[in-house]
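In order of appearance the chains are A, B and C, and numbering begins at 1 in each one.
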Amino acid sequence: MGKLFHVLEAQQFSKEWLENEFFPLSLEMEKLVKTGEPELLSKYSLSGKRMVRLFWEPSTGTGFSFDIGMHRLGGAVFASDHAGDTAMIKGEALEDMIRRIAAFGPDVMVLRTPKEGMAKLAAEYSSVPIINAGDGWGQHPTQAGTDLFTVKKEKGGIEGLHYVIAGDLRGRTPRSLAYLVAKFPGIRITFVAPVGDQIGDDVKEYLNRHEVPFKEIIDIMDAAPEGDVFYITRIQKEREKLLRSVERHGLVEAHSPKANWKADQGLLRAIKKDAIIMHPLPHEDEIAPELDPKVCKDRRVAYLRQSENKLYVAMAFLYYAIRK
Amino acid sequence: MGKLFHVLEAQQFSKEWLENEFFPLSLEMEKLVKTGEPELLSKYSLSGKRMVRLFWEPSTGTGFSFDIGMHRLGGAVFASDHAGDTAMIKGEALEDMIRRIAAFGPDVMVLRTPKEGMAKLAAEYSSVPIINAGDGWGQHPTQAGTDLFTVKKEKGGIEGLHYVIAGDLRGRTPRSLAYLVAKFPGIRITFVAPVGDQIGDDVKEYLNRHEVPFKEIIDIMDAAPEGDVFYITRIQKEREKLLRSVERHGLVEAHSPKANWKADQGLLRAIKKDAIIMHPLPHEDEIAPELDPKVCKDRRVAYLRQSENKLYVAMAFLYYAIRK
Amino acid sequence: MGKLFHVLEAQQFSKEWLENEFFPLSLEMEKLVKTGEPELLSKYSLSGKRMVRLFWEPSTGTGFSFDIGMHRLGGAVFASDHAGDTAMIKGEALEDMIRRIAAFGPDVMVLRTPKEGMAKLAAEYSSVPIINAGDGWGQHPTQAGTDLFTVKKEKGGIEGLHYVIAGDLRGRTPRSLAYLVAKFPGIRITFVAPVGDQIGDDVKEYLNRHEVPFKEIIDIMDAAPEGDVFYITRIQKEREKLLRSVERHGLVEAHSPKANWKADQGLLRAIKKDAIIMHPLPHEDEIAPELDPKVCKDRRVAYLRQSENKLYVAMAFLYYAIRK
């Protein structure tokens, strides 16, 4: 089944594919949505095609971007937001679930799974393309595609920029972004994370191998004047609890200064005139209310435009998986 | 965004709009469903339109009335019955969720939310029309539309009738009905509720301001000979528990006689020949088994016909929100 | 409502109907899926028809077989995997839920319910055909249809074969299979079950009445050389716990030897060259990893082909319920 176009991890994509195929196709999808041009609709039509979306937990953002994206292209959607319930209640192995559903003849399967590696395992057993829409602490390659597409649109290109990636860096979103952006020449990365949430050694080793300069700091303000893209993420709740318990006992204070990665008016005043602030959403208080696009008209706050791009990128991935 | 046709609370509708636009349109929708006339289908077609239904908790009655209604008009449905899971798990703010999904380009969003005021808040942030299909203890305006449409069909009109609204009057259904029916001349209302479940002061104040005569009693039989419309509701479970605990300690007995709002053969014998018994469903034992339409052929028991009307009313609201 | 084609329990089908109507139709559905022939599509089209799938708990296998099957025939799908939540939260009676949704005009309702008899009860109140996709410990007639269709395809026919039905025989799947296969001449059944999980007396009484020879054993190897169809099932989890607790206290050892119904290489070596091994899935360790079709190419392991047949059989049932 090696010829299927699975979307499993960010590093599977080359710079050339992203620039020559993926970004132009995503732009076409945006045009299709915004103009509804019949030629585009018929050129990219997935009419008669079927997407199965198997999510172990509900996600309205990613879920609806694929559901609505598939429908925009004329295809049919079969979605379960509780695939894990069946699996858990009945003890069904992932391999069996994937093969059983694949036998019903969908044209693509979009998976959100609770554990790293599950999307890859699914691909080994599937007779149809698998799109990994997040596998636990593993990766979220379609989010990384959205993120780079956003940078491309907002900044004109990916190369040569300074990326400040901040927050809970063990999450799949910053991981996938670091893996993907490392393919572009001239970039550098500054990671901002509290103790215990630093970027993983696998990512650092990968960056070293690709000769991408990076550093790790604990206060986003130190990178403010130099950054081009500020990519903020939230602390995963379960981790935050741990962090607070550590703080309560004074351990963080004792061993290291507190981290700061908040996006607020202070940050906005300190960053370049053409920098952008991104966030994969949902956010918590790491984005200050004063930066909400409802009240803040500063174009540098880009996260809602980034969120909209999820739709066009989902459509591009679906088209590739099914038609290419 | 003031020009969007949001459906947020019952009192936003005028008597004129209801009589001249909404009831006739709902009747057209019923005709469309029952005859399948191609001219009606094409006149009211929502083909190519998309509805997102975001429910914080599943509801097969209201949920399917919108899903099937949208499909009857040729539109596409994207439904989540667990929007709250995402929100809670990830701490996503309603404003963000609404804006993110609205950016994917649905034509209407139907919301069931757990807290009063959430539908209004959503409308402030949405670039597409919002239909409030129940916001906690707040309102349920599409149910109120269904209720008045039912009265219109069953009784020939809304004006001049005596409404007996009974049960848990703090629920959103009786609240929305009282707000809406108060717009019609010559009506009066008798509220029947147990201690602790009486109609809210906001409703009473509203009725006073609109000079609608009303009274509060504790035994539905006292209103039986004079009522035209008997609107029965169930006790919300969490409240019932409290009530029982109070009863167990003799407090209700001591301070006030027990309430009675049961619809049974006794009530049926006591009411007028052309009165009707309604219920927003689901019911519990406040409707006696002897009144179930399977065994009771008395036309005055109207609640299943009322339930069917949910479909036509949902279709009318969807059409207004999307096409008007 | 006696004229509706409800699918409620396996024994409602006659041998003649299965052989002359149901198997040929299921084969046609398979051909339709595999060839996409336009004549077949238009012959069996359910375009404009609506299926409501009401599941009290999610099931990706059975659920998607009906959803995708309905869509393959051109029909529309409205699915809830959490019908029970509404019912439980609000205390709604099944009869009301069924009548309310039926009033919205679906053409068929597919139900998975938690308690034996609920599908039958639903049929009594429904104005549209009901398909029972599992009612608690009751029956699972569409699975039984899938099972016999698989035997027909794999073995050329149902008659005269020796069925070895093993595992948790109180489950609805083996029960429905036994009820259905008993209609065919010349068959015999060997039941293999641990203490406490034996086939029910109602089934035995039925087999006696239909003069079907059967015996009960506790080691599948004893039936290996003579069986034609080995139908393995998993222990339902709640029951397994009980069993283990009994074993831990030595009670099983003391009163009866341990049961063995595992399908592994040992079984495969011992059975006939043209026997088959089936399983309704999902499986646990009663199917050894060495028998997984990924590594075991032995054609006698038929359970994934059996699973694929769910789609064709669902389509056949849907067509019968809606169009016949």
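The working rule: a contact is a pair of C-beta atoms (placed from the backbone, for glycine too) under 8 Å apart; a residue touches a chain by one contact, two chains touch by 3 or more.
Keep in mind that this is a model prediction, so the values were computed, not measured.
At the interface between chain B and chain C, under half of the residue numbers involved are used by both copies, so each side presents largely different positions. Chain A and chain B carry the same sequence, and matching their CA atoms takes a turn of 120 degrees, rounded to a multiple of 5.
Remark: chain B and chain C have CA centroids separated by 40 Å (rounded to whole angstrom). Across the assembly, chain C contributes residues 82 that each touch 2 or more other chains.
Those residues of chain A whose C-beta lies close enough to touch chain B in the complex are 33, 57-61, 63-65, 67-69, 71-72, 77, 81-82, 234, 237, 281-284, 292-294, 304, 307-308, 310-311. The part of chain A that touches chain C in the complex is made up of residues 50, 52, 54, 76, 78, 80, 82-83, 85-87, 89-93, 95-97, 99-101, 103-106, 125.
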